[in-house]
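Here come two complexes built around chain A, the first alongside chain B, the second alongside chain C.
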Partner chain A sequence: MAIGWAEIFCQFLVGISRSMILFIVCAGLSFILGVLRVPNIAHGSLYMIGAFATFSISKMIGGTYGFWVALALAPLLVVVVSLIAERLLFCHLYQREHLMLILFTFSVSLILGDLVKIVWGAEYRSVSPPEILKGSISLLGASVPRYNLFLIIIGPLVGIALWLFTTRTKIGKISRAAAVDREMVGVLGINVSWVFSFAFLVGCYLAGIGGALVAPTVSITLGMDHTLIIEAFLIVIIGGLGNMWGALVGSLIFGVTHSFGVLFWPQFAIVFPYMSVVIVLLLRPRGLLKSVW
Partner chain B sequence: MKRILWVSSLCLWGVIITLICLPFGAKAQGPIKIGIVDTYSGPPTTYTYDVRDAFKLAIDEVNAKGGVLGRKIEFTTRDDKFKVDICLSMAKELIMMEKVDILMGTINSAATLAVSEYCKGEKIPFIVTFSKSDKITGEKGHRYVFSVTENTAMIGKAAAAGLAKRPYVKYWIAGDDYEYGHALADGVWGNLKRLKPDVQLIGQSWWKVGEPELTPYLTAISAAKPDAVIFATGGASMVNAMKAAKATGFAERIPMFIHTATEHSTLAPLGLDAPEKVIGTSNYHFYYPDTPKNKAFAKAFKDAYGREPKVGALYGYLAAQFITRALTKAGKMDRERFIDALEGMKVDSPVGEIEMRAYDHQAMLPMYMGVTKKVAGYPFLIATDIVTIPASEVMPSIEEIKKVRGQ
Partner chain C sequence: MGDKRKPSNAVWILGIIFLFLIFIPPFAPRFFTYILGLIFVTSLVAMSLNLVVGFGGMFQFHHGVFYGVSAYATALVLTKTSLATWIGFMAGPIVATLTGLIIGWFCVRLTRLYFGMLQISLGSLLWAIVFRWYSFTGGDDGIHGIRMPSLLMSLNNSYYFILAIFILSLLLMYKILKSPFGNTLQAIRDNPQRCEAVGINVRRYQLLGILIATFFAGVAGVLFVILERSVFADLLFWVLSLEILIMCLLGGWFTFFGPILGTAIIISLRTFVGKYTEYWTLILGIILILVIFFLPEGVMGYVQEVLKPKMKEVKQEEKGIDASSGIGF
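So, the complex of A and B:
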């Protein structure tokens, strides 16, 4: 079979667009992991709630603006859910050991999964992309969906916003400081519990955005949380724990190797992203970029 | 005082004895009991609710006319949560505790095979309503199991018969990397190769079950420029594949075949966002065949439940018809006579007359191959250009059944 440069280029763009969704979700996961030291398995469930909420809101509003309103509101709903979870449960457990936290967040993910089933039922849901992003455009003879190009634009914007937040705002700087040395931040008279709560919500907000953005490209269904969270943890690990740019590099490696694997060796495409993870970990066991742990 | 105690204890005895005797006395004239074990939680409910609801509608109608053999029909459902072990214990509970006369279910092939083995031992008639493994009435078939649904062998034959009539030569196969996906792909491809030996398989892609993003797969397949693609997907991947086909414009450029792509269960959640021109097969459409019988069935279902019947509704309806007609023919609730009556029985249905083949207990269902299209007046896509592939072309031959059973 003849693969031209146009196909390779398009496949590259499609791979990057998938990476952008992974990046947004993983940046949130990594941020929580860095500041709070909580390996939050329930992060995938928040992403799922974001997707289901996008479905409900865009259906309720309807019309051309439905999706845009949902994109703005669904992540906020996720923040409300995570605020409740944080104040009721998480805030009491930050000092526990990691094994305990993994078990705890895993059980939270099961509870959230069942809540989704109660609220939205078990049927597949589907959100249509907004009118302007429907269909595909032809690039050098091969076609790329418009929505995927939109994702390639939105991903870096979210990245820049997060970077500005952590480097230019006071609360962002405190969060970063808490990631490096939380005792020191407490000694300076800053209310660490409050900082943690805020950082947690920022991370969850990103999971919500990821869920809202992925909604038009997939069938929204129970179980999408656990499919994602495994990939997300792998990405965060190869990128370097708690490092936002690491999450970006990890997502790009994951998305692009997958998409090229599919093009060149379709029978074994599933293996490629995991192979890349193994190779990275063999060469750099602590991740590609500097881990904050 | 003593006397009052005496009288009251006598009365109590009387009441207890009557209570004990009542069920026995009523048993002779009590209802005929049917047990349904199926998945009533999680994603499979998209399919199983329709089976149950159509079955109830048909049974209510029979009961309103006085039931069969002068007895009402009563049914009890159990949720197996799509798990083999739960399904088997629920089936046992229905048979031993609820004392059901006939068992029905399920949507999980592995669970169905397990329950089927159990029913064989207990000599309980078991009507399979949704599981697609061809082993159920093929290799593992026996006297007590019947199927009112299509199976992978039938799907393969139907798809091949339909595709062989089309001009495509270079094919690509893509699907979910699990048992159903591979069984479906092998079935379609084996039959197609036999009907049209010059077809070529130029490549394959398999993704993990539940893979969310299928766009890279479709762009890669486009690059290979096949004449047509056979998709072997089910469940949530159906919707993912259809969405990716729409977003990439894939369906516009390359003909794609997906079993059940034209089925209402797949098209309803997508609304008007489903791709057009996708070739699919299904046992049932609420708008086809355009006969008074089907129209009346679809209307009755919609009036009762406020939604259009999907393919499961046909299976539920068929199960009810076969059971009530066979009971009437048997003359009394005797399991062996019920089975004898059911073998070779023909019932009228929304898709015409359906025969329960005596040899392997497989209902002989026709298959409809159509193409998805937006049609004014429907808030979702429907199948058009429908070609009926008759049961005679769809059913595995009796020789094939004998061969897999090692006879």
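So, the complex of A and C:
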């Protein structure tokens, strides 16, 4: 096989940029899992709503700024949807056991999936990236799409923002405390229900950002929620439940093994990430980094 | 188990339902017979899953894999080789149990959510292979037009065959659950630490439970091939596994017959509501949420509670006595 270093390097960067989207979504999922202990299958649907909303908003505004406005507004729409779901349904069920919560969030994802079908229809949609991010840059002999480089920059930025939020702000610290011992936080006179609601919205906002960022790279369609959510759950598990840096490590493993699979054995590329998950779980049954559970 | 000595009512009801099912095919339209057959096949998968989820307390998240693997094994033997049909029928459960042995051997090392996630990744591995290996499994096209022996050619005959195997499997599963093994499995569900302390090899029992469940899932896979005469890669996709899990939870996962009810509800919703609107999953989602909010024990659990309020009280008293004497021992 004649695969040069340039291709390998390029594929590596593409893999990392895909990992960044996974990381943003998984950080949200992991945050919700850590603070609320809810395995939220509807997270994938929120991601899908984010992508579809990005399509609609950027088409409506159009022009050079369309995508940037969509990137700002689509996650907020996702937050509105999840606020309604949280106050109406989720907040009554936090104490149930995991199997029931999985069933419940799956039914929410069924409902959201059909709502997306009603609003946007079943056709394929696509969003073009803004002018500045079109085309590719040649880097060390490899030509890398600009949009992927943009993703590689924005992923760590979101990660740092989330880290600052959880360690430097009061509400972030309270949610971390609630993740460790929620009764104690309640005893201290803090309204735990409100903290949970806020943490849930932060997680869902991240899902929305992930959906908005993925929009220009894939064809937006129904069913993208199902493919994503299973990957996201596996990443969160191998990283360590509720651990944000674990989500980063897991996403990098998942994304990079997948892109090298595409390079070396395209037919069975999807096998490699699953294989890496199996190996990690067998070596470190409770995930790579410390879980907050 | 208070109702063991006086089974008269339940047996009568089951007998009537059984007679009813026997006389359906000649009178009902073909489509209806087909849907009933599909309900039997799917509820066999759901009940085999319930052996490990409801009675074993394990997070068996990817049960559909064993069902699908068995269907593929049968289909491959019947289409790619010239072996006798019954060998194909035997191949299904055997391959499913072997897959269960391999996947289960890894999974019982972990607990709860980690168990489930490891199983999902191992199962997805299998799914990806089946989905991508076009030359062998047909990829996402699947395998169609599988030939059947002349005895099983007509839909009515396959219906009776499926019904017979279904009832036989139910009896076997009931016996297994009532056996000392079944009781141990339920004890492990309720308190694994104490079982470990009493000297039960928890992992070995769990693995055995998984093997039994995957065997019956394999039987269901063969029945699926008999009914549909085709297989496709979606059988191994995790969405189907989750749907099966939901059938258990919806029907009532601590009851024996609950999964059948759950399967019947979901399949009839899909066929009859799906006829009128393409948004049937929206309705399914709403029904599921209502069940979670108002019937946490599932539909069958609720029915049992309503039908036998006195029995339940007695049972609970018995349970209380059992529990207190259990601590002493």
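Just so we're on the same page, the second predicted complex is superposed on the first by the 293 of 293 C-alpha atoms of A that agree within 3 Å, B and C clash if a C-alpha of one lies under 4 Å from a C-alpha of the other, contacts with A are read in each partner's own complex, and residues count from 1 in each chain.
The working rule: a contact is a pair of C-beta atoms (placed from the backbone, for glycine too) under 8 Å apart; a residue touches a chain by one contact, two chains touch by 3 or more.
What you see is a predicted model, and the numbers here were worked out from it, not measured in a lab.
Contacts of A:P129 after superposition on the shared chain: chain B is touched, whereas chain C is not. Look at A:P285: by the touch rule set out above, it reaches chain C but stays clear of chain B.
Of the two partner chains placed by the overlay, neither chain B nor chain C lies in contact with A:T169. In the superposed pair of complexes, A:Q267 makes contact with chain B and with chain C alike. Residue contacts after overlaying the shared chain place A:H98 against chain C, while chain B stays out of touching range. Contacts of A:V218 after superposition on the shared chain: chain B is touched, whereas chain C is not. Of the two partner chains, chain C is the only one that A:S107 touches; chain B does not reach it.
Shared contact residues of chain A with chain B and chain C: 117, 267, 270.
Contact residues on chain B toward chain A in their complex (touch as defined above): 41-46, 174, 177, 202-208, 210-213, 215-217, 219-225, 236-240, 243-244, 247-249, 269-273.
Against chain C, the residues of chain A that register as touching in their complex are 39, 89, 92-93, 96, 98-100, 102-104, 106-111, 113-115, 117-118, 226, 230, 233-234, 237, 241, 267-268, 270-271, 274-275, 277-278, 281-282, 285-286. For chain C in complex with chain A, the residues that touch the partner chain are 53, 59, 106, 109-110, 112-114, 117-118, 120-122, 124-125, 128-129, 131-132, 238-239, 242, 245-246, 249-250, 278-279, 281-282, 284-286, 288-289, 292-293, 296. In the complex of the two chains, the chain A residues touching chain B come out as 1-4, 7, 10-11, 14-15, 17-18, 117, 122-126, 128-129, 134-136, 142-148, 214, 216-219, 221-224, 227-228, 258-259, 262-263, 266-267, 269-270.
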